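Note that chain A is present in both complexes that follow, paired respectively with chain B and with chain C.
Let's turn to the complex of A and B:
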């Protein structure tokens, strides 16, 4: 199991300065691949804990997340209230949520799988997988759900791990909510750009009032598509 | 009767117009023939039509316009001396021989206009003469139109600065005096209309008067257009002249209209400099005049003026605008004590808008206005009038919108007092406005006493007031309200821990009285706010948790215990359980073993006694196991007790699959991958074996009840756990154990009695693949896996 976190490369956007408005970033993502193909953007976020642990999404995030630019949203849970659900729905109608232990809505599923393009994605909040945040245990869940990309939360810490079976991503907490597991939580969310057998994972973190972006590339090996 | 009258009027108007046209025709013929005598004769005849008393102002206007048009031709004729051969001086004399006064005066004005243009005599003399002569017509409607005609023809001939008629003793003053005199006379006529004529009903009279008002108001317009009227002249001559007439005429219709005109027509700088005079007159107006509307208009104009450019603001200070306006308003409100509350409040709203524009930094002024409102409302019961309520919401929202900082509003002593007079639903509305402003502007509230004031302001949302039970409220609205309050609790913040603790105590005090419906919303944010503070304290004093500091984690945990305890009254056991676990973990991080143990105990008690729903139990037990697994603070004995309890509960879950999963989760309690972590291989194996037994039992139960054994998922899950702990180096987990488990699963899968389940098939396949992959990795892992044959 190899953790990419320590070796992230800084994002270079065609020589443009990184001081530019981050909200244009979504369009520049398209330009990186010539802009002619149809974009499949998947927003992964969760653990907002509104209103228990945070009043709202950070303003800088809100201004970046505009309706109509995202094709799918996968949410790890712990929204917690209907207002947040409605807000996410306005960003994109294709919304998938897994149940977190503080969610007001008890009918969200414990786990969910969906296929986007060539990738199978799995979604689970993560409090069900003990030890919390443990990679190998999460890998077991990934094998069980039989997915290429597993998205879980609960630890409020962004991580992205690559291993033989695929990728395990934790988008962290979109509001930077308190967590007993992680100290000094920075607000973060993940945007995945799925293109054929390749997915580029962009992580947006709000550090000291500035939005910082990093990216990680994954390519799917064909052996896992045996099923 | 009225209808007849109307029909008659139409008839008379038609007759009048016909007569005018006929006479005009002859007049034009005479003009073409340059026959002055004939022209004068027919024009006089034509103008005689205007002598009628039978028409309403509206119809009279039609008639007048016809005549006016024709007179233009006559004027051209008069101007051209070569055509009629009479000097203008003589002409001026000649037209005065006309038989009746009205035609005589119209002709005189026409000639006068030409006379002034000829400059053979000073403009001021002619104008004076004309304005005096018009006195001869005292009938209101006829007189008004005549003077209006005078005004129209003299308009461009006033001896204004820069005009060709200035000079040689003709000055702006003369122009002003002329217009003022015309205005005064016209107003007198206009007022007289109110009292004239028998058999006309009051509304009709007022309607007629309002049709005529523009004629009078035009004079003020003319005055404002005179270039030479500067501030000095306005102050000394124009304004006193106008105001004298306005006050003395003692007619409410005229007073209101003219004051309004005055305010609208003259520039704002002038008003500012003459505030005292204006306001003084306002207090002298008839009691039936709507003074507050006038004052509102004036303040609005001045507010806009202030907003137009910051350079003008010093002027306001210089003339002490606020003092003058506010005292005028207090006087008006006092004088009209019977005025409905909404009237007074809308005045206060206008004054407040003015104050916020002109003196935004003078919070004392803002407070004064609010204080006046409190005075007005005191002694009265809570407001019933919807419009009054709306006005008060506007009054209270204005400072918040202007400053974008609720904290400022909180410092105004009168602010909460005004809110007290609102009925509960408006009070709540206002509270929401306040909260929304805080959220929108990310207002940081730093002091505990401000937090106190804030929560007192929003009291209506935080607890039941006025005996209105919570049940009566609409559920969705209620939830929305409470969510707002919950989000609000995160906003007060201070870097200083002492102050932060005070803030939290203040919040706690207010929300504890909220009742069972509100507590589930308000308790969690407070709890997490406290936990954040604990963490801050942790990092601040490092390893030393000193007792001498007032704000300590220990103190906070005591507070937290109290707060979560309140949830038992709701009751909300699942939420309380989660909060206890959070506190336990936090206490563990602070190395407070007894505190952490106590929190765990509370959580267990809730699990035992209150969490009855089996699905809820599954989640709860996983949370307990997950928390416990991470904690390193417990000594051996305590940890044993807790893990024993947890495992016991896990095994007692209702459904077998749930039992199985919970039990193998417990295996992690005995193997923590830390250097100091517990690594009890035997107990791990015990758990796993127990899980296997349960899985077996589940299979058997399934074959008994459903005729075929259930899917082998559970076995595959347990296999994965074996692999996990095998990799971690648990000596009790041997390759052979894993081998046999793999074979067991393979057998089960091939057995006829097992339900085919593609999910478990793929799961097993990917597990097998994993084993393969680990083997091929080589190195330590590869060696471990070598013996496995799949």
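Let's turn to the complex of A and C:
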């Protein structure tokens, strides 16, 4: 499964060039609104565990996630297979993934940092941080990466935690796959609307078959970090 | 006289146009024929050696001038000198001074202005911008009201920009009244962040019809089209295309104006071709020598564009295509006009060679001839289109007829392919002559 031969390789390469066209088009579409302040939508999700623990994203999530609306995707890891990677690429060409312990692609980085607008974001799957899901330990990782917002996964539970160093967000599992800790998991993901110095975090959760959306607002006062 | 008649014969206009009735005097130095409207109403007068006509000095005039021969004496000293210079002819100079005189009145006489402007607005004094604004009704006739009117409109445009170009995040923020519950990112407190309800079910991935986010993403399609068309507008002109920030800011302005127009007019939205019409308006206003006017060219051009398009809107609305006011009926009126003026040509074009006017006239009419001639010629044509008291649409049809009549010899000799090719790539022609012929068609009726 690792080495792709012959016809399949050619199809994948063709797909890549078509993808590039679509990517350019989508990139233009998603960034057309010049204006003075650009609005940026960032999708954060992860822990899908396709196909081992879940077949696919819930249909109601898939119907909402259409290409052309989102500018960046950050994924906490554990996709696990390439098909999920390709699907996410169709939603948005700018895709960032950190490696989860079950990912088949071994070349994803352990941690990643990126700057979007005025915010620095950090990405890490979280299985490396022990105790798993411990907020203080995650805060230490955040200070180490020196980011405003740290996005991690692994626990399959949505959390948004604020400490002196910044904010930790866990988008949960987008498919509702069971975790190492619990079976009781609601599918969830997060969409961040970064507008200048403000962030509105929209939390999408599938509870009893219905999509529930909440939000969290926060802002930062200065553009430069003190460290 | 001979040179002129020879020139006329070369162009092969119908014989009735060739009569000496129309040619009243030896042509001026640059061989441009007379196009005075007044030639018809008053006795044909010479261009340069005029019988002394009592003229009210403009500075003293406070009321409407008497409606006598409108071809006034040139102002002192202006007309006589530059006869030899190649570029602006004496006639142009006189027109320019007449226009300046008119514009410096307290209350501009619109009828007078139209008569002078319909002969063409000289490029010299940079007055085209102001004259067009007057003709389109953007500026009132009373000069005292200009500053207040301009200020009002410009601030209105600024409001449009602020309201309509807001992205949904800002709108959502304004919708919710409480904005005090923003948590600070790096404050000393720590703890779980609380989730709050969203207002009105608004979230970025909403698929609802009334959702501001959904509407925002739907508008993106139109904006993409506007963006594409603006980038392709006049690629040969530095004003519009190129790497300079000037060109980019002009393109941005065009885009903004078209986006706002599309949002304010959901019935028509944006149709390809509006960019050409707007580009011409914006170019003229942006090159206004007055700095303040040039800086507010965007706002002025927007309102003039709305005004201009209000007469032509029906051409752009697809649902009206087959109705009495739509583009098809306009094209058939053109056909009727041609039949009236030149039946032989009409018969040859439509019946014999089956060149349906829709093949060529569609672009002529909807784009107001901006695509058929070069930029400078389009400006001259628009001078006439905007100033003619019959209204732009009627005048446009007459000009189109004149265009057909001027190439009648080639059309009569051609078949379907060559005629279509000729009409879709109309050859460069003497615009003054074209407008002269169009003007004559007005009074002539049937040949």
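Simple rule for what comes next: the second predicted complex is superposed on the first by the 184 of 227 C-alpha atoms of A that agree within 3 Å, B and C clash if a C-alpha of one lies under 4 Å from a C-alpha of the other, contacts with A are read in each partner's own complex, and residues count from 1 in each chain.
One rule holds for everything that comes next: a residue touches a chain if its C-beta (ideal position, glycine included) is under 8 Å from a C-beta of that chain, and two chains touch if they have at least 3 such contacts.
A quick note: this is a predicted structure, and the numbers were derived from the prediction, not measured.
**Student:** In the superposed model on chain A, is it clash or fit for chain B and chain C?
**Tutor:** Pair status: fit.
**Student:** A:102 in the overlay: touching chain B, chain C, both, or neither? Say first, second, both or neither.
**Tutor:** Only chain B is touched by A:102; chain C is not.
**Student:** Figure out whether A:91 sits in contact with chain B (first) or chain C (second), or with both, or with neither.
**Tutor:** neither
**Student:** Mind telling me which of the two, chain B or chain C, contacts the most residues of chain A?
**Tutor:** More residues of chain A are touched by C.
**Student:** Between chain B and chain C, whom does A:130 touch in the aligned arrangement: first, second, both, or neither?
**Tutor:** Only chain B; A:130 stays clear of chain C.
**Student:** Touch check for A:164: first (chain B), second (chain C), both, or neither?
**Tutor:** Both partners.
**Student:** Once the shared chain is lined up, is A:216 touching chain B (first), chain C (second), both, or neither of them?
**Tutor:** Touch partner of A:216: chain C, not chain B.
**Student:** Go through the superposed model and pick first if A:114 touches only chain B, second if only chain C, both, or neither.
**Tutor:** Neither partner.
**Student:** Please state the minimum Cα-Cα separation between chain B and chain C in the superposed model, rounded to the nearest whole Å.
**Tutor:** 6
**Student:** Quick check on my understanding: which residues of chain A belong to both its chain B contact set and its chain C contact set?
**Tutor:** 164-165
**Student:** Where on chain A does chain C make contact in their complex?
**Tutor:** Against chain C, the touching part of chain A is residues 28-29, 32-35, 37-39, 41, 63-66, 68-69, 148, 159-167, 191, 193, 195, 198, 200, 202-204, 213-221, 226.
**Student:** Across the complex, what residues on chain B touch chain A?
**Tutor:** Of all residues in chain B, those touching chain A are 439, 442, 479-480, 483, 486-491, 521, 524-525, 528, 531-532, 535, 578, 582, 585-586, 589, 619, 622-623, 625-627, 629-630, 665, 668, 672-673, 713, 716-717, 720-721, 724, 727, 759, 762-763, 766-767, 770, 773.
**Student:** Touching residues of chain A toward chain B in the complex: what are they?
**Tutor:** It comes out as residues 49-56, 59, 81, 83, 101-102, 127-128, 130-132, 134, 136-137, 139-140, 143-144, 146, 164-165, 177-178, 180-181, 183, 227.
**Student:** Per the contact definition, I'd like the list of chain C residues that touch chain A in the complex.
**Tutor:** 165, 167-170, 172-173, 181-198, 201, 203-205, 207, 217, 220, 223-224, 227, 252, 255
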